[in-house]
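Take a look at the structures below.
Below are two complexes that have subunit A in common, paired first with subunit B and then with subunit C.
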Partner chain A sequence: MYKYDQYDHAMVRARVEDFRDQVRRRLAGQMTDDQFKPLRLKNGLYLQLHAYMLRVAIPYGTLNSTQMRKLAHIARTYDRGYGHFTTRQNLQYHWIKLEDAPNILGELAEVEMHAIQTSGESIRNISADHYAGAAADEIMDPRPWAETIRQMTTFMPEFSYLPRKFKIAVIAAEADRAALRWHDFALRIVKNDAGEVGFQVFAGGGMGRTPFIAYEIRPFLPTGQILSYLQAVLRVWNRHARRDNIHKQRMKILVHELGEEEFRRQVEEEFQHFLSLGEDFPQAEYDRIAAYFTPPPFEAGLPEEIDRTDPDFAVWVDQQIAAHKAPGYAIVNISLKPIQGIGGDISADQMDVVADLAERYSFDELRVAHTQNLVLPHVRKADLYAVWQSLRDAGLADANLDLVTDIIACPGLDYCTLANARSIPVAQKIADRFADPERQRDLGELKIKISGCINACGHHHAGHIGILGVDRKGTENYQLLLGGSGDETTSQAKITGPGFDEDGIVDAVERAVERYREVREPGERFLDTYRRVGMEGFKEAIYG
Partner chain B sequence: MADSGNPIPQATSEGNTLRFRDDPVPDEPAVSLDAFLDQSNANSVRIEAGDDVRLLGPVLERVRLVEIDFPKFRDGRGFSSARILREMGYKGEIKATGDVLVDLVWFMRRCGFDSFAPDVPLNLEDVQASLNRYPHVYQEAADDAVPIWKLRHPELQNG
Partner chain C sequence: MKILTGNDLKNGRVVWWDGQGWSIHVEDAVDVGDQADAILSREDAACRVNGGYAIDAEPDPSGRGVRPAHIKDRIRAYGPTVRPDLTLKPADPNAGTWVI
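Right after this comes the complex of A and B.
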């Protein structure tokens, strides 16, 4: 994985000192919180219901064991002994003291981490396929481009106050594991007919209160022109977005108002202009970065077979393992969705266990998935049993990847000042209802996503089953949505009808799921059945 | 501080204006973009956040001062306006007015602003401290700063 050089170190250290000075001025009363707010937000520091929340960037979801141990140390020293992995592959601490924040950033800098541009109206941390570098189906590792774009977009002066946040994702496979088209700007690395590598570019996606699926703005962009193209997109948006209503300033709204064709035309015009400025990074710099992502020295001649004599282990293998590109290796998914837990939460001790496993069994590499689970990307199949035993001892061996209890839920009213309703208790009640492992496996892939307000941090628009918490006359009310997807067949979920109270929504989910069981055809997932029979078939079951 | 090869011009402070130029201060009041385009003898123009600075292209030769207004610091359109002016080859003064935060001055300098007359005057020391804070830049902009990728590849510098 990427290693900072003297320049990267100097920039991150400067940021720590910059922020230390800003906090000092705030604590000394030289700045109001209004003035401080935009500055702390550029460093991932939010003021939540009970305390400050610090969001740490995990670029393209890649971590090593040293970094994971540092995250554990910070959780113990400055928080309450745990952290929370997010849907953008980052980590959040929810109980931070303002005066500690500069020291935390200092500790992160020691292990080549930061919180730069993890919030505020900026170009956010870049997300990527969490199987990058390991997936059997990728045409190359997308992370060297993600890292190159990270550097291009760090402290971009012209875009230091964008109309809103701007989220980028990069993948290099047909299968979309990064919810690509729900991003403002998304790249799929492809090869054209001549065998040249380039980007298929999507623009204008996003969830929030006005969801849009990104459209293909350019079928093929030569990789070496990405900075020009990205600047063109950002400039068109920065100059022409509305600035009068924060809810209408995301790029998706401008794309929608101008129309896809006109937005594309303006971007192309600006793109030609940027190309003439000659600011694109040279191939040599990409090559320098890419050299850090050379595949690890996979052993040859390893056995493919897995000893499945332990039935609990066999169940876990069937659910949590994905195909690796190297023979004899597997990708291990670690569930952070225990039935009674909080999705994405992990204790400091568990972080240490995972760090040890990465170091010992996975070439010191870890990944964070946007589904709020963790990944050991390169494990020998022969080591899977040992890995599973350690995970089981640490309470991390749930076998529910992509099943009904692998729920994405935002922090909701338990933590967030924006929320209208609680998300976590609803997720727990649903998980409880479907806790029986056999029932889960029978239902197969079923992605439930829960947001506690219309800002959609819990990705309810992309849920096979989505749940949206709203405030109705002072009581929490939950709307049910069906048919969303964040994979390569991206679709937006639709509301079924009137909402439910907290217990009612759990029953409604169960009625929808049971209807699926009744009408599914062999091999059909919930989403396939929904797409075949449509909303009406489900509505009847849900509302009677 | 590491040597980035990017010396920071000394700023001078007069009244509420911080200026990074040593040519005479233009003394004509700036007029609106529409008025400027109508009056063939005007040489100072005021750009509001929504104005298209590219309209100045045909008359750029007579522009000596462009004031770019920030109605609120959250409105970042002025950053693009300044950079576009520099890309068009404009060498005159670009002054930031309105709601300007000291912590954004570094980015503004990089976009081509070379004077600052915000509603709340900036403290010269704070400005210098914030301009000195970051030793490098990752990408090119309207200033002369050498991006990190070039420092990493000295073999490409004269290419």
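Right after this comes the complex of A and C.
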């Protein structure tokens, strides 16, 4: 993974000291809240319901064990012993004191971490396939490009005061594990007919109040031209963006209003201008960054067989393991969705366990998935049983990846100032309703995603079953949506009809799931059945 | 009735205006009548509380203190309903029902 050079260290440390001085001045009454707020947000520090919340950036979801142990240390020392992994592959602490924030950022800087660009009108943490560098189906590791774009754009003035936040994702496989087309700007690394590597470029996607699925705006972009192309996209957006209307500031609105063709035309025009300047980064710079992502020294000749004598272990293997590119290795998915737990939450002790496992069994690498789970990307199949035993002892061995209880849920009204309704209790009640492992496996892949407000941090637009919490005259109410997807067949979920109260939404979900069971054809997932029979086939079951 | 709330500047904790200063217990909140703007303006200048604002509340049915009208402020007063161990009343198993 990428290692800071002297310039990176100097920049991050300087930023910490800048913020330390800003906090000192705010606490001394030398700055108003209006003056201080944009400064703290630029350092990932929000004010939430119960305390300050610090969002720590985890670029493209990659961590090492030293960093994970530091996150555990911060959770113990400055927070309440836990952290929360987000749908943007970041980590949030929900109980931070302002007076501690500079020291926390200083501790993060020690392990090459920060909270820059986790808030504000900037290019947010660039996300990637959480199997990057390990997946059997990828063309190449997409993270060097994510890191290159991160370096190109961080602190670049033209990208620092954007009309609104801007989200980028990069993948390198046909399978989309990063909700690519739900991003403002998305890159899939592909090969053309000549065997050259380039980007398939998408733009104008996003969830929130007005969801749009990104259009493909270029089928093939030579990799070396990415900075010119990104500058062209942002220039068109900057030129037209409605900075006067918060509901129309995101780039997806512009792409929709200009139209796909006109947006593409204007981008291409600007692109030719930027190309003529010859300011794309040199290949040597990409090579320097890519060298940090050299694959680990995988052993040859390892056995493929897994001893499945222990039935609980066998169930876990079947659900939590993904195919690795290196023979004899596996990708391990660690569920953060225990039935009675809070999705994405992890205790400091569990962080230490995971860090130890990464160090001992996975070449010191960890990944955070946007689904609020963790990944050990490079585990020898022969070590899987030992890994499982450690995870089981730490309460991290649930076998529910992509099943009905592997629910994405935002923090909701239990923590978030923007939320209108609680998300976590609904997720817990649904998980409890479907807790029977055999029932979960019988239902197969079924992705439920819950947001506590229209901002859609819980990705409800992309849920096979989506749930949106709203405020109806001071009471929590939940809308049910069906048919969304964040994979390579991206689709937007549709509202079924009138909303439900907290218990009613759990019953409605169960009725939809039971209808699926009744009408599914062999091999069909919930989403496949929905796409075949349509909304009407489910509405009758849900509303009677 | 109108009560005032905000977050402590230093530690972010939820606080309630008790007539003299800021308390972490909603039970201590007092009706400020039509004085909300004046108090908030004064307190904003004192830099002790972030984002203070006035909310509607009613006398608590228990007879002690007040109950914010909106669930968001009741959750602010109590803590996250999914982590009773982190609330102000971790030993009271029924405290969470006050929120809903």
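Definition applied: the second predicted complex is superposed on the first by the 544 of 544 C-alpha atoms of A that agree within 3 Å, B and C clash if a C-alpha of one lies under 4 Å from a C-alpha of the other, contacts with A are read in each partner's own complex, and residues count from 1 in each chain.
Keep this in mind: contacts are C-beta pairs under 8 Å (C-beta built on N, C-alpha and C of every residue); 3 or more make two chains touch, one makes a residue touch a chain.
Bear in mind the structure is a predicted one, so any value in this text is a computation, not a measurement.
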More subunit A residues in contact - subunit B or subunit C: B
First (subunit B), second (subunit C), both or neither touched by A:Tyr415: second
First, second, both or neither for A:Thr529, with subunit B first and subunit C second: neither
Partner chain in contact with A:Asp33 - subunit B first, subunit C second, else both or neither: second
First, second, both or neither for A:Leu227, with subunit B first and subunit C second: first
Touching partner for A:Tyr7 - first (subunit B), second (subunit C), both, neither: first
Touched partner set for A:Gln266, first subunit B, second subunit C, both or neither: neither
First (subunit B), second (subunit C), both or neither touched by A:Gln440: neither
Which of subunit B and subunit C A:Asn90 touches, first, second, both or neither: neither
Touched partner set for A:Leu49, first subunit B, second subunit C, both or neither: second
Doubly contacted subunit A residues - partners subunit C and subunit B: none
Subunit A to subunit B touching residues, read off their complex: 5-8, 10-11, 14-15, 17-18, 21-22, 35, 38-39, 121, 151-152, 154-163, 227, 235, 238-239, 243, 273, 277, 279, 281-282, 284-285, 288
Residues of subunit C touching subunit A in the complex: 7, 9-14, 44, 46-47, 50-51, 69-72, 75-76, 79-83, 86
Parts of subunit A lying in touch with subunit C, wherever the complex brings them together: 26-27, 29, 32-33, 47-52, 80, 95-99, 342, 413-415, 419, 422, 424-425, 428, 474-476
Subunit B residues within the subunit A interface of the complex: 2, 49, 52, 73-77, 79-81, 83, 87, 101, 103-104, 106-108, 110-111, 129-130, 133-141, 148-149, 151-153, 155-156
